Structure formats: structure tokens, C-alpha cells
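One structure, pasted below without further comment.
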Amino acid sequence: MIETSSLASGALLANEGGGGLHSTAASGAFSALWLVVGLPLLGAVLLLVGGKRTNPFGHILATALALGSFVVGVLMFVTMLDKSGPGRSVDQHLWTWAPVNEFQADIGLHLDQLSMVFVLLITGVGSLIHIYSIGYMAHDENRRRFFAYLNLFVAAMLLLVLANNYLLLYVGWEGVGLASYLLIGFWQHKPSAATAAKKAFIMNRVGDFGLAVAIFLMFTTFGTFSFEDVLGGSATASDGTMTAIGLMLLLAACGKSAQFPLQAWLGDAMEGPTPVSALIHAATMVTAGVYLITRSAEIFDASPDAQLAVTIVGAITVLFGAIVGCAKDDIKKALAASTMSQIGYMILAAGLGPIGYAFAIMHLVTHGFFKAGLFLGAGSVMHGMNDEVDMRRYGGLRKYMPITFVTFGLGYLAIIGFPLLSGFFSKDKIIEAAFAKGGTSGWILGAVTLLAAGLTAYYMTRVMLMTFFGKERWKEAPAGAPADWHEPHPHESPVSMTGPMILLAFGSVFAGGLFALNDSFVKWLTPVTGFSHGDLPMSEWAVTGMAIAMVALGTAVAYLQYARREVPSVAPAASPVTVAARRDLYQDAINEGLVMRPGQYLTRLLVWFDNKGVDGFVGGLAAFVGGTSARVRRVQTGFVRTYALSMFGGTLLVVACTLMARMA
Amino acid sequence: MNPVNYLYLSALLFTIGAAGVLLRRNAIVVFMCVELMLNACNLAFVTFGRMHDNLDGQIIAFFTMVVAACEVVVGLSIIIAIFRSRRSASVDDASLMKW
Amino acid sequence: MSTAATATLAVTKVDAPTIEYGKLSPILIVAGVAVVGVLIEAFLPRPARYRAQLTVALVGMIAAFGAIVWLARDLPDDHRGSITAMGAIAVDGPSLFLQGTLLLIGIASVLLIGERRLEPAGGDAFAPQAAAAPGSQQEKDAAAAGWTQTEVYPLAMFSLVGMLLFPAANDLLMMFVALEILSLPLYLLCGLARRNRLLSQEAALKYFLLGAFSSAFFLFGVAMLYGYSGSVSLDKIGVASAGAMDNDALLLIGLAMVAVGLLFKVGAVPFHSWTPDVYQGAPTPITGFMAAATKVAAFGAMMRFFYVALPGMRWDWRPVMIGVAIATMVAGAVIAITQTDVKRLLAYSSIAHAGFILTGMIAMNDAGVSSTMFYLVAYGFVTLGAFAVVTLVRDARGEATHLSHWAGLGRRSPLVAGVFALFLLAFAGIPLTSGFAGKFAVFQAAARGGAGSLVVVGVLCSAIAAFFYVRVIVLMFFSEPKADGPTVVVPSVMTTAAIALGVAVTVVLGILPQPVLDLADKAALFVH
Amino acid sequence: MNGHFPWLTTLAALPFVGGLCVAAVPAGKRRLAKNVALLFSLLTLAVAVVVATKFDNDGGRFQITESYSWISSFGVRWSLGVDGIGLVLILLTAVLMPLLILASWHDADEAPVGADGSAGAGRPAPRGTHAFFALMLLVEAMVVVSFAATDVFMFYVFFEAMLIPMYFLIGGFGGAQRSYAAVKFLLYNLLGGLVMLAAVVGLYVATANQGIGVDGHGTFDFVKISQAVATGQLDIDPTAEKALFLGFMFAFAIKAPLWPFHTWLPDTMTEATPGVAVLVTAMVDKVGTFAMLRFCLEIFPDASKYFAPVVITLAVIGIIYGALLAVGQTDIKRLIAYTSISHFGFIILGIFVMTSQGQSGATLYMVNHGFSTAALLLIAGFLISRRGSKTIADFGGVQKVAPVLAGTFLVAGLATLSMPGLAPFVSEFLVLVGAFTKYKVAAIFATTGIVLAALYVLVLYQRTMTGPVRPGNEKLRDLVPRELAVVVPLIAFLLVLGVYPKPVLDAVNPAVDHTLSRVEQKDPAPTKPIEQAAGTEAHTTGGSK
């Protein structure tokens, strides 16, 4: 029973979170909200249904529609800037979806400050990556299909962030999973790609299970699953329920955002074309988990246990990703591990509650810029290097692809948290927030984030050095190279690819500063997520100083290892720790041993059981009747005297029974 | 004499007949045993007629005799036919059809 | 001749018995036809006999059927009818209904018997010279001369007379006589097959010996009941047994032994052992006739016996009969599964069906009577049709009854296979066939009569039975035809008509059973 | 018994007459036979649409009713009428049939392979094609009657009789083991049907003994029985009621099929032609679940409640079991069969949790599953017919040579795994939500089905469609226009019902509410209900009507 106007007051009650979403119906410019989702969706449909006929212009159309969506998004943003307070939160009911008594599923959109951020990020980065892909995929015969999937992804992702209820969010949630599946497996003829795609989808589904159960719980608790009602009512429900919902949402977030223990798919997902890795597996989709938790702030605020679980997951993943990232030689996998780790930061921050939500989102956005930039850079490198991904076969590329080098370098500086670049502001705030949580857990989380910052610096420096500096290791043929091996001719990528990289580099450099300026980003989000400062046990400067020190340390170690020493072009034997890191800390082995193998045995057992047990029982019954028949028919001996005997016996029996029936 | 004794006799004859059917192999003998059973019935009818003091039993006995005679005609013709084809009147030989 | 049955001999004066010839006309007509048939055999030249016999038999039966319709219209409003021939014969609903059914079956059977197109060398299904030993020169000569015998017609007609009398018999002596009249010609008919004569004779011998054996039990039972009640009239036994208290071992033994005689005729377990052998060995048209008509007649007699003479004894005989019904259903269905000869298969199927029919009879209410009669109609025509189809599938040795020969029949002759499949489905009790309506009728009657356990056993046995019907269908439709498989001979219009009648009844009773149900409902009251 | 035009009888008669017409086409003219079949299926669809337009969602329980005397001795009437549930299922049937005919266009052209795998000698029965399409139409007619029958006996008759044409369709036109499959199909279902017959008889006797019928006969009038049960006028002894319920349920559980009565389905679907396999799962089996919802629940409400936990347990086992077995299959069609078993688990779960979401969801699921399985199976069938093998391992890289086929197969697969945006998602979610409100543990176990569904669908897709083109697949043709004409409508339905299932739900909801009120079940109220703020749409409060 929350009053309608609580948003306005709730926005200012810093410790209480947003207090639910209360919105006005979309009108004016906002009434075009559906177009944000609709345009890319239209693109996907047109390209998929249109088939080959749309081959010549498919990529243009898709890019135009993505840009169109971006333009509409900007229009919304401008409109929103005009409004204030509750006016910034609008609802657009499109149609009633599946009404069954209490269960009223609607197709409705909700735009507020939080989703606005995402809309701009998704459509903005998305458009850039569309443009980039025009060049990157120029020679792929299925380019149209690729763009259709990209559009589909953008639409689904927008639906995810614009939905006004959890069920519709779920639709977008699975939609991005689908798009991700399609794009990871875009080169389906490669078995590894197909397997990776499947793995990603299935692990995501495990997470989706959590989201589904969370929605069930919401429905049984509140009789609804609209953000407005659920979040508004979350303070009234019991702790246990809210914890359950929170944990289930966390499970969902783990799946989608590749958090421990559902992280294993992300590395393999790099089988997809690089723009996909940039857009989906760095900038947007994988951050959906952060969105979900932030969006459900009230739920987590109502359940400290769930929050704790979130921070723990985040902390583990931060380190996990960072450690794995240190050992990967595949440039995309190294970046993927980094993504995992960075999202760990965000999740950790989101788990901190109102002191962290805004920073989680802020890091999400800055990360969106620089990680997308890094991936596009990696793609550009691969583009010039015959799709080689092994960094040990790179080296000294800065001369050959200067633009890539510069943009990648800026992204690199941003991610390690080089002062005054984007990552510096966002990551630093998260580290602060971790310490500000207070108590032992605050200290532990702070230490983890600091350590991870150092690791980040280490592995990113490693990537940078191995790729752009040092000896040109790609000139000699690798051991066991195929006969038709020829030396790559590294070259800079076309403008359609470098353009987006440059733009993203701008974002990597300036976005953080812009957001931090006057705390504008936090203020923007506060009406939705709430905000609280927490108590930092030390001065902000101390934290910043420590962070910078850790970054410097990590960079220095990497420098010593990879700039001062020759990088072997084949991975050398290494310590068990390194080996473990190279193998993703045995995550696949664990999954295989704990789930896959037993699952396979179970399946085989069941197949056997179905044939021999269930079917066998029925068959056995039939065989029993048949066998009985075969035996009993022998009674019919063919001798008339036997027949007479059976008659005589029968007569005696009938007579006896008749007499006995009377007695009884 | 107590007429019930005739009933016992009748039952005895009936049983002997039935046993004969079950035990003897020769079709003719088997058939004669059936006739014996019919006659046992006749004896019972007559006895009961006497006990109930009406003539129905005796009349029925006549009917039975006629029927038995008809049976003989039919039965013997079948037995003879089968004897001609098989050169045997053993009922156990006629066991082509079974199971 | 039946006047003596209840004639009481007054000391001084014999009352001349009254016979209502009109009410007995159906029976008398058929009896007359039989006698005329004998005369034809005696006096007409051989070439003319076939046509004459056929005509006389068919016309006679149609006339008899007309007489039944006429009698049925004259039944009083309560449909109870009357007792005629000095109490020996009841002309009531059940009698007329079953007699009508019997006559229709008889007509169809005579059509089958008269079929002469199937044997490649000409002739019908019967031995050219029954007296000749199988395989003898004499037989070969007779066959070569193209001899055909027409004695089967009067024999069949005599048998039919017995059948008409059997369900109408209102005293046990009449019933016994009818039993013998129907049985004796059948024994002979069984032995007359043209092909596989050894089997045919064996069938005749077995049927005869066992039949005579069972008649003896029946008669001994009659004697006991007479001893108990002093009369063989069903009504009087009914009156006497209604007040039965203790000293009634005679009654119980008599009841049981009469029941044994009747159960033998319907082929109930454990009195069924003759059925497969006889059905297999007998000439197929006779098998059809016997399977369909005997069952109708015998169940009619059985119902009259239990419903009129022993309604008060139901608590004594019902448990036993329930046991018999269960044993019959189970044994029939189970043993049929492993049969490899189509005629034997149908024989075991008929045993199972005897069990289902018993289920209806045991209901012991009006619904029981009407549903049993309905079932009999449905079953009779399906059976006849099925055996008629069996006569068509032939190879060089005559009818190809081994199931393996039927493989792929649906490919070769979809129509015949389809018709046979329809009959099998009706046997299996698939809805929209007469078999289902019948099964539902008896089951609901049994359930209303408190014999729910029978219904459960019944449906389970139906499921088992379905297995072998389905197996035959599989064989016909889904198996590859054998290279040297049998051919389907195109019959004359007579067999076609018989089969068509079977199909028509099967389908009509399946889809629109109400008229016949109405008829059976109205005809469900026994006269006392 | 109104004087209006007998729409439903017409609807059922049309395919029946069509079947006769097809059978009557001269032997040589196969094409004509097919065209006639298609024409009649389209006519049926047209009439079905007319019927749908005549249906009023707020217009009372059974509509478009007609009733004629049929077998008065057993209290049986030819009574037809539809509620929302029946209506949507009839529409499903009518919509699918033309597509199935089109999809099966060449399936009956050649003699089926012999039991030894020989290529059927190429000598089809002279009227094999005719028989195939005539039987298909016959099944449609019977399915329609089953959905529209408001007389229990009549329902039973057609429920059972349907087996025969199905049997011939399975045994006559399919893979090498088809006759085994056909026999198994028939015997399983016949056993179920016969056990049900005993229960039908029992019900009849109960109505007769308690004077529900006329003239001392019992009655089979569903409306009358259901009313009498509701008012207590028909009060069956609890033990007997349980027995009768089990009798009915046994038949439906086999038909549906519910674990562990399912083993006939994989064989049937593997051996039958794709069109027939769809006929089995999409229509015939739906009669089973439909009947659970209509007959079991309303006639035996107490027994239904008593046995609900058992049925729910079996359904949940079926969901997981079917999915796991699907993962382990090596044969495409068999795999799809096991997915169906899993899906039927959901449907049955939805029915027996006895909440409005569960039952509406289950009904919607029946429709959606019809479309999704049809799409999946038919496309798989097109693929199989090209390659002549249904072993998964024989395929690989098909998307490279037949992208449209692969793409549509993926969409169908996604529908099968309940991808949001496609129809089955809505229904599956409704079922799960409905289950969760009452049986949390069961619902959670059932929800794991969504993970397993992803596994089996994607494994199938991966092995057949992706990867390098496997030898033997290089020449596979992409979908031809006829096949596209089958696939496109199916996918269109999947999409439309995915985003706008409301019309279906609007038709179904009143019927479900009615059923629930007969079972005296209400949706559990939310533990912390949210008061609706003024201005937002006022929602009806479930179950409390």
C-alpha cells in the first residue's frame, strides 16, 4: 500500500531506495517509445523474412534502423531532460498479452532514468557496432543474416530494459539469449562455434530458471509481477520471500552476466564474430544481470541476505575473471575474462545496495564504451591478421595499424583505471563503495576490488604488450602450420571499422569524467535506485591512492614480464596456477564432472530403463499372456476323451459349486 | 422296495456310463456308454414318476428312447464313416486337430 | 408330437390336446420345408434337386420369418405372449425375437451352403459322396463325375427346426428334444466337408460323442428337476423352486446339470473343448451356421431356463455362472492369442464371446435379457460374415485357413480384407460397430444387475482379445504377401449377399442400434 | 436442441464426407484424390471459422448446441456443443488438417518400406494414396466430434473409434517397424479405452440408479451429470467415484500420454509418416488431455482432488523424464516424440493443479503444442524425406545447403523450448505459475524442464544443422513451395499466438472458471496482495466470481 506519489519523496530518501516505480502514461514525445524497440525488430523481421532479396541492402537497412532507434532514444532523452521528478518515469501500455484472472500479463514499456541510460548505451554502441560490422562482415556471404540477428539482439535488449514488468523483461532476457546464441553460432559450420552457442544458451537457461522462479514467487506473493507493484510492495513482504526472490534473481543474473558459477560460457562465446563479442558479450547483454539487480533494488534492499550473496558472487567473479585473464593467450578470451571480471565489479557494487547501484551502472556504461572499443580493436587486429587470435603470434603491430593501436590503447588505459579516464572514475567509486559497506565484509570486499584492479592492470598490459609491442612474431610460420600457410599482411581496417573505434575511444576517455562531474550520473539515477553514501572507513583519497598504486604495480609486473623479455610464440610450460588459469580454473572440467557426465549417465540409464523397464514391463506382461496362452492351449490335446474328462470335471465342479453356494 | 434305491441304481449306471466314456477307446463302446447314461436317466425318470405318482416320467422315458434311437442312427453312421477312412474305431486316433 | 409333453393321463378319459397351429406356424413351416426337402431328395432327379432344395429352403424360411413378424404384431401390449401346445412351447417376445434372428441367420447360411462357384472343379463345400472313404477311388470317381449332394439342405432345415424350438421350449422335455433335433443334423453336417475330409469326420465324431455325452448330463439334470418338482414344465419348476428351502439337493444338482448341457452348446469353459476342433473341421458354411445359430438358440434356451424356471434360485446359480463366465472370457481370449488357424481363432473368439453373452444373461433383469438378445443378433451376423469371408480365401488345397497364408491379403484384395477387418473390429468391440453396442449393452446390464466384477474382467479380456484380432489385421494389411499365397475367389451373388448382410447388420447396429434395441427391449419379457 | 442450423454436425460431417469422396475417386487419379482431400479440409476450416464467429465468449457454457435422440436405450443423445476449450481445440484441428494434407502430399505415393527395410517394391496398393487421405479426414471428423461431444457416451465412442483409422494410418504408411508401432499404439489405447468402458458403464449405472436419466435409463448427458454432481443429486460413493475416475483417467493418461503410460508414443511417432505423427500428437492425443479437463474434473471432482497429487507427481516426472530421454535419443523423430511426452507433462500438470492459470495455460498449451510440434515434426519430416534417414548422426551442416529449412527448423525448435515471443512460452509460463501458486516443489521441478528443453532442442539442431556439411547431405534441397506453404502458416501461428494469445485465452477463461467452480477450487490469493492504485486497470480477482 504505497501511495502513488511516493516516488518523489522516495527519490530523496536516500537510504530507502526508489520506493517503487510510479509512472505516468506515456504521452507526447514519449508515445513514440515503442518505436525504440519496434524499429530494430522491424529490421530483424524484414531481413529474416525477406531472405535473399534483401541481401544487397540488408546491412544498410539494419544499420539505419538501429540508428533510427538511437535517434528516437536521444529524442526521449531530450524530452526527459525537460521533465522533472515523476514526469521522467513513463509507462506505455501496448496491449494485453495473456490475461488469466489474477495473472495479467501485459505488453507494456516503462521508461525512466535507469532504462534511459541503457537505451542510449544499447542503441548508441549498437549502432556503432552495426556500422563497424558493415566493414568487418563485408566478405561474409551471410552478412544480411548477421545484421538481422544484430537487429534482433538490439530489439530484445531494448525490450529487456524497457519492459514494465518482470515477465516482459523475461521475454527480452531470453530474446537476448537467443540473439546471443544465433550470433555466437553465426559461423555454424565451425563445430566449435555451434557448441559454444549451445553452451551459452543452455547455461543462460539455468539462469533463466531463476528468473522464472522469481516471477512465480512474485506472483504468489503479490499477485502481480509488474515492477510498480512488486517493487512497491517488496517492503511489506516477509524477509524469507524477498530473500528467495532475490537469490533467484541473482541466479538469473549469474547466467546472463557470466558470474560465478555460471561463467563458463563466456570464454567460448568468443567463437562469435568479434562485433558480436563487443556488443553482446562486453557492452550490453552480459550487463543485463546488473540491470536486473539494480532494477530490483527494492527487493534486494529488503533482503540483506540476498545482497550479501550478490556481493559474494561479484567478489568471486572479479577475481576469477582477473586470474583467468592473466593467463589467456587468445586475445578475445583474455578480453572475455576481463569482461567477466569487470561485471563482477558491477555485480559487487549492485550488491552493496544504494551505495553501489549508481556506480554499478556507471561502471557498466563506461565499461560498455571501453570494452566495446577493446573488442573492436581486437577485431580490427584479427581482421588484419588473417583472423589469428593467439597473441603469441602477434607483436609489434602498432606500426601497421596505428588507429587501432591508439584506440585500443585508450581503451586499455580506461579499463585499468588510468587516472581521469572513464574507468578510473567508475571503478574507483566501486572500490570506495566496497569499503564503505563497512564492517569486516567491507574490508574484504575492498581488498578484493583493489586486488582485482591490480590484476586488471596486469593482464591488460600483457594484452597490450603482446599485441602491439615487441617482436613481430607473426612473421615466422608456427610449428605444425599447414602447407598453405602464408605470412599475414597486417593492415589498418577500413573507415567503417575504425570510425566506431574512434568514437568509442572518445567514450572511453571522457564518459567517466563527464558522469563524475558534479555527480551528475548518480543524481540522474537516484530517483530510481536511491543513493546513500555509506561510511568510508578512510578518506576517499586514500582509496584512490591505493587503487592507483595497485594499477601501477600490475602494470609494472606485466611490463617486466612481457616487454623486457621475449614472448615465446608458443605458450611455455608454466606453474600449476598458470595452467589452471589457462584452463579457466578448471571450470569446464568441473561442469563436466559434476553435471555433464552424470547427466549423460543418467540419460543413458533412463533410455535403458525406458526400453527395458517401462516398455519391458508392458512387453513382459504381453509375453506373459502369450506364454500362458501357449501353455494353456496344450490342454486342447486333440483327444476326445480328454475333452470328455474336462467336461466331466467341469460338471462335477459346477455341481459342487452350486451345492456349496447354497451352504455358504 | 423303496423307490429311492432305483435312484441309486440310476446314479450308479450314469456314473458307470460316464466312466466308460472317459476310459474306453473304441468309439462304439464309448457311444454305448453314452447310451447307458441315457438309460440311467430313463430309470430315474420312471422312478421319479412313480414317486410323484404321475405318468410324466414314464412318458419322458419313451421320448428319450426315441431320441436315443435317433442318436444311434446318426452316431453309428459317423463312426462307420470314420472307421472306413481310418480302419480304426479308436477315438484316440482321431486327434489330428488339437491346440 | 409335442402334445404328450404335458399330457396328464386321466384315469378315465384322455383329453384331446389342443395345438395352436397358427402360433407355431414358423416352426411348422420350417419343419415342413425339411420334410419336403427329404421328399425332394427321394423323388426329384439329381440335376433338379439343387435348385429345388434351395428354393424351398429359402422360400420356407422367408415365409417363416413372415409368420414371425405376423405373430409379433399380434403380441399383446405387454408383449408377454402366450404358452401354446399344452404348455410345451412359449410364443413370447424372446422366442419370436430369437426365432426371427435364427431365421435370418438361417437364410444367410443357406445362401452360403448353396454357393457353388468357389471350388475350381465345381461343386459346393460338401463331399460329393459322404459315404466314400477319404482318398478312395470311389471318392475320386465321384468328384470326377462332378457329383454334388443336396442332403445338406434338409439336414440344415431340421437343425433349424431344433433351433427354433430350443429357445421357445417351455418344458424341459421339449427342450431336450429340441436340443437333439438341432444337434443330430449338425453332427452329420460337420462330417460332410469336401476338402480335408479326415478333419471333417474327426470333427463330426468329436462333436457327436461330446454332444451325446453332454445330452446325457442335460437329461440327467432334467430327471433331477423332475424328481424335485414332479414336472418338467419350467413354470412348475419355477413355482416349486421359489419356495425351495433345505432339502433341495435334487434341485441344485438338476439345475447344475441342465446348465452343463446348455453351457456345452454355447461353448462355455470348461465345456468348450469341442468348439475349436469342430469349427475347424466342419465345412466352413456349416461352421458359420453352427457358430451363429447354435449360440443364439442355446442362449435363448438358457435364458428361459434360468429366468422362468429358476428366478428364485439366482443366489445359487449366479456365483457359479459368474465363475463360468469369467473362465470362459479369460480362457477364450488367452488361448486365442497363439492360434494359427483362422477358423480355430474364430472358434476361440466365439468362446470368449460366449463369456460376454453370459455376462449379460447373469444380469438377471430385463436389461439382461434384451441386451443378451441384442448381443446375439450382433454377434450372429458378424460370425456368419466372418466365416463367409473365410470361404473365399483359397489356394489349391481348398480354403487357406492357416493365418500365414493371409499375409498381405489387404494388398491383394482390399475389399475382402477390409470386410474381414470390419468383422474383426466388431468382434473386438470397437465403437461404431455392432460389437461395441452389444458389449456395452451386456456390460451395462451386468453392472446394473450387480455383477460389476464381470464387467471389469470383461473389459480386460476384451483387451486381450483385441490383441489377436489386431494381429490378423496386421497380417492382412501390413505384411508382405507371400508369393504362393492364396487367391480370393469371386463368389456368386449368394455368398456376396450373405456377407453384405453381415456388413450391413454390423454397421447399422453399430451406428444406429436403437431400433433393434427397442425391439429387444419390448421382447424382453418371458411368458410364465 | 434448438432449431438452428446444426453447425457442429456439419463441421464433423464435412471431413467425413470428404473422406468418402476421396475414397470414391477412381484408383488412378491420385492427384485428384489429394485435391479433393485438401478441398474438404479447407471447407472444414471455413466452417470452423464460422463456428468460431458464432461463439460468444460471455455467452454461457455450451454454445452452438444441438441434440438429437440417438440410442435412447442407453440414454445416449447425439449432443454437440462447444465451450471455449472445445472451440479452440476444434480450431486447432481444422487449421492443422489442410497443412497436414499438404505436408503429406507425397507420403503415400509409394509403397512403404518392407519390414526388412526393402524399398517397398515400389508397388503401392492401387488406392493407397486415397486411403491415406480418406483416413486422415476420417480422423479429423472423429476428433472434431470428440471435442464437441457433450454426451459422455458419444465422446467415448468417437474417442475409441478414432483408433482404427489411426491404426491404419500408422501401420499402412510409415517406416520399417510400422506394423509393430501400429499394434502397440492400438493395444495401448484400446486397453485404456476398454478400462474406461468399464468406468463409463459404471457411470451410467450410477446415473440410472440415482434417477438422473429418464425412464429408468441412465444418462450420459454431460451437462446434466455435471450439474447433478454439483448439486449433490448424483452422489457416487467415494470409493466408486475413485474407481470410476481411475477408469477414465487411465484411458486419458495413455492417450495423453502420461508417464509411465507413454512408451507407445515414441514408437508410433518414429514409424509413422510425419503427417500422421503430427495427427497423433497434435490432435488425437489432445483429446486425452481435453477429456481430463472436461470429464475427469467435472464428473469426479472429489476423486480428482484426491488423486491430483499423484497425477501431478507423474506429470512432473514425465516432464523431466521425457526431456532427459529426448536428450539421449539418436533418432530425430524419436527425440521429438520424447519432447512431446515432456510437454504433455506440462499440460497435465496445468490441468491438475486446478488453478485458473494452470488450466487456461494447459488449454493454450494444447493449442500451442499442436502448432509447435507440427512445425518441428513436419520440417524434420521434410528433412528426413530428403535424406532417407532419420538418424541424427547422418545429418550435419544442413544449414549450409538448406538454410531456409534449417532456419524454420530452428524457429520450430525454439518454440519447442518455449522461447518467449513464440506461442508455447505463454502457455508454459501460465502452467508453471499456476502450478507454483499451489504446488511449489512440483512447479520448481517442472521448471527445470525449461533448461532440459534447451538442451534437447539445441543438441538436435547442432548435430543436424550446424558444423561442416556431412557426406551425403551436400545435395539436400531447400524447402520447396509446397513445403513452405505448410511451414509458413505454422510459424505465423506460433508468432501470433506468442505475442497475442489473448483471443484464445478470452475464449478459454470462462470455461476454465466454470470447471474450477465445479471442482470447488479457487486460485490461492496472493500472500501480500497489492491494492490497485486508482487509475490503473482494474483486474478481475481470480476465482472469486
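To keep things simple, chains are lettered A, B, C and D as they appear, and every chain counts its residues starting from 1.
We adopt the following convention: a residue touches a chain if its C-beta (ideal position, glycine included) is under 8 Å from a C-beta of that chain, and two chains touch if they have at least 3 such contacts.
Just so we're on the same page, UniProt names per chain: A = NADH-quinone oxidoreductase subunit L; B = NADH-quinone oxidoreductase subunit K; C = NADH-quinone oxidoreductase subunit N; D = NADH-quinone oxidoreductase subunit M.
Values in this document were obtained by computation on a predicted structure and should not be read as measured data.
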Where the centre means the average of the CA atoms, what chain is farthest from subunit C? A
Of A-B and A-C, whichever chain pair has more C-beta contact pairs: A-C
Taking each chain's centre as the average of its Cα atoms, which is closest to the average over all protein Cα atoms shown? D
Subunit A and subunit B, separation of their C-alpha mean positions in angstrom: 96
Taking each chain's mean CA coordinate, subunit A and subunit C are separated, in whole Å, by 79
How many angstrom lie between the centres of subunit C and subunit D, each centre taken as the mean Cα position? 44
Could you state the distance in Å from the CA-based centre of subunit A to that of subunit D? 37
Where subunit B touches two or more other chains simultaneously, the residues are 18, 21, 30, 91, 94-98
Touching two or more other chains - residue numbers and ranges from subunit C: 205-206, 209, 213, 276-277, 467
At least two partner chains per residue is the criterion; list those residues in subunit A. 622, 633, 636, 638, 640, 644
Every chain pair in contact, whichever chains are involved: A-B, A-C, A-D, B-C, C-D
In their shared complex, at which residues does subunit A touch subunit D? 1, 4, 22, 48, 51, 93, 95-105, 107, 167, 170-171, 173-175, 178, 181, 185, 188-191, 193-195, 197-198, 201-202, 205-206, 208-209, 212-213, 215-217, 219-224, 229-230, 232-233, 236-238, 241, 599, 602-604, 606-607, 610, 614-615, 618, 622
Would you pull the subunit D residues touching subunit C in the complex into a rising list? 69-74, 114-115, 125-127, 156-158, 160-161, 163-164, 167-168, 171-172, 178-179, 182-183, 186-187, 190-191, 194-195, 197-198, 200-202, 204-205, 208-209, 218
Using the touch rule from the top, collect the residues of subunit D that touch subunit A in their complex. 187-188, 260, 262-263, 321, 324-325, 327-329, 356-357, 360-361, 364, 397, 399-400, 404, 407, 414, 419-421, 425-426, 429-430, 432-434, 436-437, 440, 443-444, 447-448, 450-451, 454-455, 458-459, 461-462, 465-469, 499-502, 505-506, 509, 512-513, 523-531, 533-534, 537, 539-543
Could you pull out which subunit A residues touch subunit B in their complex? 633-634, 636-641, 644-645, 648
Please output the residues of subunit A touching subunit C within their complex, sorted ascending. 622, 625-626, 628-630, 632-633, 635-636, 638, 640, 642-644, 646-647, 649-651, 653-655, 657-659, 661-662
